[in-house]
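Each chain gets a letter, A, B, C and D, in the order it is written, and its residues are counted from 1.
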Amino acid sequence: MLGEIKGLNEECGIFGVYGHPQAAHMTYYGLHALQHRGQEGAGVVVSDGYDLKQSKGQGLVTEVLDEEELMTLSGHAAIGHVRYSTAGGKTFENIQPLFFRSSTGSLALAHNGNLVNATKLRQELEETGSIFQTTSDTEVIAHLIKRAGRTPIIDRIKQALNELEGAYAIVMLDEKRLIAALDPRGMRPLSLSKVGSGYAIASETCAFDVVGAEYIREIHPGELLVIDDQGIQVDSFSQPKDRSICTMEYVYFARPDSNVDHNNIHSVRKRLGKKLAEVSPVEADVVTGVPDSSISAAIGFAEQSGIPYELGLIKNRYVGRTFIQPSQALRERGVQMKLSAVKKIVEGKRVVMVDDSIVRGTTSRRIVNMLKEAGAKEVHVRISSPPITHPCFYGIDTSNSGELIAANHSIEEIREMIGADTLTYLPVDAMVEAVDRNDTSPNCGHCLACFTGKYPTDLYEDSLPPHEKEQLIGAKS
Amino acid sequence: MLGEIKGLNEECGIFGVYGHPQAAHMTYYGLHALQHRGQEGAGVVVSDGYDLKQSKGQGLVTEVLDEEELMTLSGHAAIGHVRYSTAGGKTFENIQPLFFRSSTGSLALAHNGNLVNATKLRQELEETGSIFQTTSDTEVIAHLIKRAGRTPIIDRIKQALNELEGAYAIVMLDEKRLIAALDPRGMRPLSLSKVGSGYAIASETCAFDVVGAEYIREIHPGELLVIDDQGIQVDSFSQPKDRSICTMEYVYFARPDSNVDHNNIHSVRKRLGKKLAEVSPVEADVVTGVPDSSISAAIGFAEQSGIPYELGLIKNRYVGRTFIQPSQALRERGVQMKLSAVKKIVEGKRVVMVDDSIVRGTTSRRIVNMLKEAGAKEVHVRISSPPITHPCFYGIDTSNSGELIAANHSIEEIREMIGADTLTYLPVDAMVEAVDRNDTSPNCGHCLACFTGKYPTDLYEDSLPPHEKEQLIGAKS
Amino acid sequence: MLGEIKGLNEECGIFGVYGHPQAAHMTYYGLHALQHRGQEGAGVVVSDGYDLKQSKGQGLVTEVLDEEELMTLSGHAAIGHVRYSTAGGKTFENIQPLFFRSSTGSLALAHNGNLVNATKLRQELEETGSIFQTTSDTEVIAHLIKRAGRTPIIDRIKQALNELEGAYAIVMLDEKRLIAALDPRGMRPLSLSKVGSGYAIASETCAFDVVGAEYIREIHPGELLVIDDQGIQVDSFSQPKDRSICTMEYVYFARPDSNVDHNNIHSVRKRLGKKLAEVSPVEADVVTGVPDSSISAAIGFAEQSGIPYELGLIKNRYVGRTFIQPSQALRERGVQMKLSAVKKIVEGKRVVMVDDSIVRGTTSRRIVNMLKEAGAKEVHVRISSPPITHPCFYGIDTSNSGELIAANHSIEEIREMIGADTLTYLPVDAMVEAVDRNDTSPNCGHCLACFTGKYPTDLYEDSLPPHEKEQLIGAKS
Amino acid sequence: MLGEIKGLNEECGIFGVYGHPQAAHMTYYGLHALQHRGQEGAGVVVSDGYDLKQSKGQGLVTEVLDEEELMTLSGHAAIGHVRYSTAGGKTFENIQPLFFRSSTGSLALAHNGNLVNATKLRQELEETGSIFQTTSDTEVIAHLIKRAGRTPIIDRIKQALNELEGAYAIVMLDEKRLIAALDPRGMRPLSLSKVGSGYAIASETCAFDVVGAEYIREIHPGELLVIDDQGIQVDSFSQPKDRSICTMEYVYFARPDSNVDHNNIHSVRKRLGKKLAEVSPVEADVVTGVPDSSISAAIGFAEQSGIPYELGLIKNRYVGRTFIQPSQALRERGVQMKLSAVKKIVEGKRVVMVDDSIVRGTTSRRIVNMLKEAGAKEVHVRISSPPITHPCFYGIDTSNSGELIAANHSIEEIREMIGADTLTYLPVDAMVEAVDRNDTSPNCGHCLACFTGKYPTDLYEDSLPPHEKEQLIGAKS
């Protein structure tokens, strides 16, 4: 039961805009640019100054919203959300933004991140009469805001946010205001931009390029922005704590054309690849990257090493929800899934295969095997981040610790398990240096918990899935 | 704002089953039989004894649930709901059953009817911290159950139900139990049946015929049934008050093959038609009914009067969501909508057009006009119920009083407005006699409020839409 | 192979309109009214005077055509088709109208009926180089028109039609003309109407009522109508032969609000029911009809016999393509399919069950059984047509002779097989009298082949499915 | 009229397999890999040795075929087709494979390429009685095969192919055989592979990698392969003429992981980019490619020039059929379409923008403008092919000559029109050298008609769209 109530580790994207005559359309395009952050559900809530209207559903933004639907969502302010979840079935309940109505007005919330004290807060709320219709952390936040009493909404929001522990980037909308907030450690990315005479907020800056918005700056940790008719008011609900932005956003999750904290992601990844070529050189004939997220690192590796970058692996673009997966029988006869090795490129070659990470090892084994079957003489796996030894409790779905191959095996064991000729990872300090060249101290600014087990926040046993409690105790000791 | 929060007048159908290996499938077929009670949304929640699973969405039962979806809903107990609403857009929030989770278990509710003190209750709940995600009365009921504290669930349900005023037939499901309750006046129909070794509950008995369930009896006013592993426990949460079952269920809403309070609806309607022929005879050539709900009354009228029953009006069966409505230009050129007059039948004839009711008069005017354009020499409109002079606050969408043609016009004025040669209604006492031959007192057993303005419950001004408050004052005085 | 190439017995509906600014929309509404004649596929071809455009697909008219699609089909002339077929899969090829292009212009054809010499014609065409993309008779007609050479199109059409043997009602469209033709025996219904300054053609007159068209007259056997800018030219391609209109159109197939040969179908069916009550009276408590096609006959039976007409059987309206059929297990537990018996109505009663026909007997057995299980004391089956002893080769899917219960069993045997207490059919002469009171000779005007085995045309062994050849020989001898 | 009958310039992909127990599934995966060659329609025809079954429709392979559909397509041999077309509406008629039935057997055909004498052949066929249901060249081929008389099918096919002039790669399927043929100049790519004990044919080798097939060799010009129970028979229908494979397949059309004539496409494109850097060096800060087809060339340019390759332009992957295009108003406010410039990368930089070709110049202008608005200081456009000065009549949609910017303007004029700081193209001989390092003669092996106007075949005025006839005369003179 607990497991089900526990907020899922959700990777999400959020967007908000205020002061644009077609706010819902802008949110559509913004969410579209953030689609890689979540493909399971999408939603928009719009305000025309008097009333909120919403539209949400399962699937891609383009599946959930059509022109007819967007036309009904008139208004000058909007927030939106794209959501990733492993939950199946028609569970609309968790699709965000969540939308609450009361006799004094409505409030919509969209949230990216994960609270570590959600279960504790939920239990306290239940004891005093709250009832829950979703399993998402976002509903906890809404209840806290409601419980904060009859004081002005901004005060109630501040009070509620101060009860949260964990990672959260939030946009909220009521009839009159767009509100944005970021947790005091700034664990998730969130940026501000100017669009016409109004403003837009987004998880990643790629959404700004798409809607023609001009980047202003990152939202600061602990900051609360309130945007309304009067313009933007910069406020804070908490003293900022040590910045701990998620490193995996750079390594794997963000889009290569986004900038996080002034760093272009593609360039960061190229530097990770170059650094990898420096610290783990290898004699080889071709460099190839695992599409899509490792292409930039592979190009960097090739540039640094002088080994030509070639398309040894290819991803079929048209794979989607309706794709018929090959049966076991067909796979045994050689039918490939999303990725194929390109025989002509790898046949008889010593191949450097650059990837961004190894989680459970099964995918890596499959790709190495595919390259070998296509005739690769040697496969040298180069990972542009350190071994993932600890689970993430802040919203990246790095699986639980029992499944993390590097939590339980040495690098040499992993090499053998995935069938590579050599395997190296990028050390933590080299990664941090490549991510941000101006600041090389190991944990100043970046959350490295999944590599080091040093979690920047307290952890609450009640809020963890059962299989993580044991791991947690290990992490603490 | 208030208007939006006010629970909509919802006509709905509910179904529940306990003790059947394919409870979700049974609910699917049951809801299918109740589809005429609501075509805008449908949902099912199923229990396997440990956990609840749900599936719901907009549209017909057959659109919301497919075989694949049903297969995932394994369990031996289920409840379901079909819903009518005029609200557009993808507003999943109000689709029932509503589903609430807590650390101590889950609860699902489905509700047919309308509370008259919903706004008052909602405001009280909001003041003590409840937040609402829907505009439906059902969420109010759930909050009341939650607020009733930590006592056993059945006690909390009883306490909550006693705070409600209005019409409500409810089915509830938790991990272990199916619960059914009917308001103390029994304003909505709700019946119990045996199916195999288990039980089924439904808004109408037609759902029993379809799933092979054997009718046992009506649920009594104020009754609370709890069905679990131990069998059925009959309990009550309130002393029954004067029975006030909705007369419009007989006249218009229920399916002709259903029985309400042991009366077959088709037979009731034939008696209404016969009575109408007795009290308002007319010289004519053919009798025709407005499809579908008035066919039975028309056959009764023909049988009593000796005037042959013919198909003067026809409804196109295939009309549905995707039907392209004719443009104004095409309608002006004679393209008909759902109904057509059959020229061959009515040309040169004196036509008796039997209908079950006149609400705003616009549809009647359109049909009379259609008959005349098709060549009818005379059109004699016979209505198998009295003039609707007051709005319904208990769940039948008879529109607000400003739009009720009979609230503002004499019968002669209405006749002229709709263009009929003669127009008569069935008097209240004749209607009551036809509905139930054994009991002819005007308000013993039947709610006649929409005809008489005598509302069986108190009315709460705060819970009424603004345009009804004035009307209410008139009704009270 | 032969069987597959043989044109299927297709029940279809056709519509055409000339001289209306929104011809495609009109065809949409017209086909919609004819939807009962075929639900498997639909198509429209429209002309704007210069070019033809088409749209067609599988499913109902409302599924195939949406507003967006219709908007692209601008033009003042159009033809359309709805199609019934048991063939599964995405076989678009047979969906009509068929559309042929050439350097000198295009031609579209839609056809209702069945040719008995199609296979012979097809073989002759193939031998001289024609290739076929469909299995439909319509493509044969198109090839014959093409082969008729370079003479004017109307002459070529006449020449082609004279090679056909069987039942055919055809509408054709080229850039400049709407053409309609009916086989020389008038075996299928086809009517002409005036709509504004133009004309409409339809399989049934119900399509005229819907689009506001004014019925003019039936198309005569052997007639060829050409409608263009100059108005309507009435021509004929053949001497009319003895009229042999399909009797099953009256008994079962046409819509009750249609008129065939000036006879309203509902009224015909009421007369059939009355006649049945005269010739086969029975002591009983209620009369019920098998929905939908037998309701009119049941009302007639009740009117004549004085036994009240009640809703003992009910059809669930929402049954459609997406309906999940109950599994065998559920059916064994009593879950009903499309039809349910109404327990309250039939319990303890002697029931007259009126149906229009018995084909294989399985449905009748199921319904009788359903009534008995619902408590009917006696079930008296009354069929408003004679026993079907011979297969139809002209387009009504009465199954092959091996499956026709009345081809192989006496009435008493059938009664026993379906479990009825009594069973009577309407004799041929009584049926003919009821269909057309002015003309009582057995085969003047009506095709009675399925009842009598007297086929109005020659039959071609090569064109019959193998299992019918033997039967055919019997029929001839 | 002529224009409509004229076969459209179709870019397509074809696939065939013989001797695999799940031939339809294999074709599904094969077509999926070829999806970039056509996204408007897809189809499969399968043979089980006795009968052919087909499934086809509009849209992507994954939209047209679902698991349920594939399951019905059992058989050991299949052909399939993906199709590009600008034609809108539900025009199923041109979707391939085309499927013809006759009393002696069926034949299905799928075709990639374009015939230059199609109109002439079509007119001849029409004059002798053929009727056409599509506008595709493929139907012409089928008629020619039919007309070739009653000789064995292989002889008839050879005779028919010899009447064709133009580019064609064809797969055909009858009950017993898979047949593949390539035009005598080998203008379109077509390859053969081994899969288990059977064979597969595909337009590109990427389809082989995906289904686990082992590449054997290219199909030779003028070759006819017949694959059946007896294995593979290599035959030819024509003497091969000078090889003239389409150069645009290398430059733009084929997938980077495919090999054409033993050349890996990604590697060819990298060489094109390197050569471009050699012949047109430039001082700049970053190199960026126009996604997707120019990325390889951009990486080559960066590798050769030492200027870093960065993501200055990004394509949104989720763009599809249902994407809501931004309105003009939104575009004026800066909302981008499929491509966005990445401000962070290009701001203040001198950018080399590598693209594969310029057709009309409008897209190039838009991208250059986008880069400048994002802050690029200079934009140097480098095109990895020569100016396109002549239309293609062999199946690549390079638009008509009136719209080809390079047909009407000098390079300097084009530079100015697209707003670039410098613009260079790759010369023809440099391109040919990069494509095939072993063979540098200008027209030995490659069709260079769109760059040079030297068409390898005769052209037929009647088969050209009107606006090309004038151009043609120019080309001839």
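The rule is short, and it goes like this: contacts are C-beta pairs under 8 Å (C-beta built on N, C-alpha and C of every residue); 3 or more make two chains touch, one makes a residue touch a chain.
Here the structure is a predicted model, which is why all the values come from computation and not from measurement.
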Third chains touching both chain D and chain A: none
Starting at chain A, fewest touch steps before arriving at chain C: 2
Averaged-CA centre spacing for the pair chain D and chain C, given as whole angstrom: 47
Distance between chain centroids, defined by C-alpha means - chain B, chain C (Å): 37
Centre distance in Å when chain B and chain D are each reduced to the mean of their C-alpha atoms: 60
Touching two or more other chains - residues of chain C: none
Touching residues (chain side chain C, partner chain B) in the complex: 20, 22, 25-26, 28-29, 32-33, 35-36, 60-63, 65-67, 70, 195-196, 205-206, 209-213, 215, 255-257, 259, 264, 266-267, 270, 296, 299, 302-303, 308-311, 314, 316-318, 320, 322-324, 326-327, 329-330, 333-336, 340-345, 374
Interface residues, chain A side, partner chain B - complex: 1-2, 4-5, 51, 53-57, 69, 72, 88-93, 98-105, 119, 122-123, 126, 128-135, 142-143, 146-147
